[in-house]
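Read from first to last, the chains carry the letters A, B and C; within each, the first residue is number 1.
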Amino acid sequence: MTSDPDALLQVRDLAVEFDTPEGVVKAVTEVSWDLRRGETLGIVGESGSGKSVSVMSLMRLIPTPPGRIVSGEARFEDRDLLTLTRRQLRRLRGRDIAMVFQDPMSSLNPVQTVGHQIAEAMLVHDSQLRDREAKRRSIELLELVGVPQPAERFRQYPHQYSGGMRQRAMIAMAIANRPKILIADEPTTALDVTIQAQVMEVLKSAQQEAGAAMILITHDLGLIAEMADRVIVMYGGRVVEIGEVHEVFHRPRHPYTFGLMASLPRLDTQTETLATIPGQPPSLVTPPPGCAFHPRCRLQRERSLCAEAVPELMDGTTGHRSACHYAEEMQDLVAEVSAEVGVDFSGGAE
Amino acid sequence: MEAWVRFRRHKPAMIGLFILALFILAAIFAPVLTPHDPVQQDLIQSLETPSREFLLGTDHLGRDVLTRILFGTRISLFIGIAAVTFGMLIGVPLGVISGYYGRTSDMVIQRLADIMFSFPSILLALALVAVLGVGLNNVIVAVGVSIVPIFIRLVRGQVLAVREEVYVDAARAVGAHDLRILTKHILSNSWAPIIVQATVSLGITILVAAGLGFLGLGVQAPTPEWGSMLGEGRNYIYSHPHMTTFPGVAIFLAVIAFNLMGDGLRDALDPRLRVLGA
Amino acid sequence: MLTYIARRLAVSVVTLLGVTVIAFGLVQMLPGDPARTIAGLLASDEDVERIRTRMGLDEPVLVQYGQFVSRLVTGDLGESARTRRPVTTEIGARLPKTIELAAAGTIIGSVLGIFAGVVAARFRNRFLDHSVSMGSLIGISMPVYWLGLLLIMLFAVNLGWLPAAGADRRTSIILPAFTIGLFTMALVARMTRSSMLEVLEQDFVRTAFSKGVADRNVVYRHALRNAFIPVLTVIGIQFGSLLGGAVLTEFVFAWPGIGRLLVDSIFARDFPVVQGIIIVFALMFIVVNLVVDILYSYVNPKIQY
């Protein structure tokens, strides 16, 4: 694994497990990636793919009775996040690394005013800061994220805000201390479709305002296509593909990624059938032997290697890597499926 | 039954069950377990401290404390079961009517329950005993009535929840009449919390009945009852504490047993209810 | 908000009316002649007749009830059969003591209980949690009268630190307050623990952690403020309940409150007093419940009327 000098955060071999009555769930296995300064890194995958857990565990926000960080390293500014003491970690949270969560209604304290919660983000990290100053800055932040009448809104409670406004408030809270990394976990999933675009705009400008790198976790491919520079595709707790968004989406080097792309309904062509991925997501307690995707994979073609050996992330073109034994044959697969379904999935439109 | 497996796993509940089993055995085999008579007075032997002959000592009238506790188990368990049964026989149907038929009957029954809730159980029981008089039967009625409102409220809540379920509409659409719906569908789905409450109420009734006995307003002498034993022992607390210690332990253990079992039942019968458990 | 209060008041009045029916009915249900019952066993025949006419006991039941209620409204609860003093005087002399005891017990129990519950939730499934759970179980299973006796044995008899009975010394209130406080503490601890556990699962707690708020502040400033709301209701109801439910404790410690008066009156067959206490107590309980309800809607910003 090469080390990138431009990397702000380097995750290596992260593994996280959960103890459940059904057994030990291997939620995240051998996950490694880099986050570069100023970039937006998307992490995409289905529910259960480990996308949220892998990032949450970096900040140790997963419940550690059932959960356990088994191994791994996360280098940020010459320190390993996973070995920090709670006090050290607390200083980073909300200041260097900030988070925006999925459901703004439940993510805000219902008995405190929104303004107070935003101010708290600043007061916690700056012991010199006076209440009045924090209030002033909070109102500024509310204005920045586009909440109308911010001075009045400061004094209101979360249930008095609309869904979109609450998420804007969460974003304001996150950038209050100009973090270096902004983590957005399914930021728009709980919002109405019409609001989603607005909130993403706010998120993007907030990121620019703070000059932060962003990790965007979502299952929404469209969101990644619009917002992210690079993308990580996760399946069964592992990284199966990494690369620049444009590259990965137009020339996927993993059958799962291709499956995701192909199963999206399209407006530009007429087709009778949708090309779906057959089967179910894998059990994380007893994952399939070898490649986790092989039971559902068309590329396997009865070849035994897929069921025997877990594929490593291997380079294709620079920076574009995938974990598939037969990544080279992807183009043929694409052509095959295109012919079947009657839609051209290969390269093409920008 | 799967629920029984879950119950077995709950260690505290099993301890409760064990204690209860001991009490039941004590109640059944009392005469065999002890050579002494629970009511026979023998003033020569009064106020003896625990010894080999009188394992827990004797009371002010020369009666063996342990014997009286063993026989007292019969009384307390009987009161508990009778009172809870009495309370449920009144409370459950009222709760069903209140929840199912709604509107006027609901309002009336709810107000009735509110009135009864206005008193803590001991006060309600005291008031009833004041009117009805003392003695075993009246204690059962008094204590039984004091737990009626709990069941009304509980059952009403259950019925309200189940009433809205689709399968009730389906049953009605097929032409099933009310009584059938009530028993087959609604009650069969709501019995779990009722059982849990009944178990906990067993503990409460024993506590309240013993409280009445302590005041001298419950089961009358010379019948051995844990509460009245405590009450009698109160006069000798400075000199002969054993008279107060042991009956109290008996009450305490019985109530704990029922509470433990109640917790275990709650977890075993419906894991969803676990939110309120300890 | 006002309509809510008005509605609750209306319901309370109906409930209170129901209580008067029951209180009235109880005395009616007594075997024998009600006039003699009220007059007391030692009264002469003339007294009985006098009472019969004065109290309108020869009238039909419904009329009697009407008179009963109208007397109530003016604050007349009748006379004690034992002392011949107005029931209101008898009760009034002792009510403050009961309130004092109930308040002390509630405060002790609540403060300790909330603290215990928070600690239990914070250290879930570890030693402290199990201790609190076990302690609560013991607390709610223990017969209050037995505990009182045990405490008397220990602190008054053996150690001699505290007075065993009565209310004459300043330290007299400690043992009885602690006795009734224990049950409250157990109840409140259980309630607080489960409420805290529920709240700690919520997303906004995670948000607070992600902002860098210290553990202790997350627990007390964020979680507890939310978890406290249902606990407040329990505390309020407990206080109301303790006003009358402290009967046994008052008895054990010879505390001069209305609980003890009730027991003494039952033994003495002084039914006007019993009747009066029932009504007074119900009234207090209803008022306390009303206050708790209103307070609850005030404390919880999400409730809007």
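Assume a contact is a pair of C-beta atoms (placed from the backbone, for glycine too) under 8 Å apart; a residue touches a chain by one contact, two chains touch by 3 or more.
What you see is a predicted model; the values in this text were computed from it and never measured.
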{"item": "Pairwise touch network: line, ring, star, complete, or other", "value": "line"}
{"item": "Chain at maximum distance from chain C, centres defined as averaged CA atoms", "value": "A"}
{"item": "Cα-centroid distance, chain B relative to chain C, in whole angstrom", "value": "21"}
{"item": "Rounded Å distance, chain A centre to chain B centre (Cα mean)", "value": "56"}
{"item": "Chain A residues within the chain C interface of the complex", "value": "59, 61, 65, 86, 90-95, 98-99, 101, 103, 106-112, 120-121, 124-125, 157, 159, 170, 173"}
{"item": "Residues of chain B that touch chain C when the two form their complex", "value": "111-112, 114-115, 118-123, 126-127, 129-131, 203, 207, 210-211, 214-217, 227, 230, 233-234, 237-238, 241, 244-245, 248, 251-252, 255-256, 259-260, 275-278"}
{"item": "Chain C to chain A touching residues, read off their complex", "value": "124-125, 202-204, 206-215, 222, 225-226, 229, 300-302"}
{"item": "Partner chain B, residues of chain C touching it in the complex", "value": "11, 14-15, 18-19, 22, 26-27, 29-30, 133, 136-138, 140-146, 149-150, 152-153, 157, 190, 193-194, 198, 241-242, 244-245, 247-248, 251-252, 262-263, 266-267, 271, 274, 278, 281-282, 285-286"}
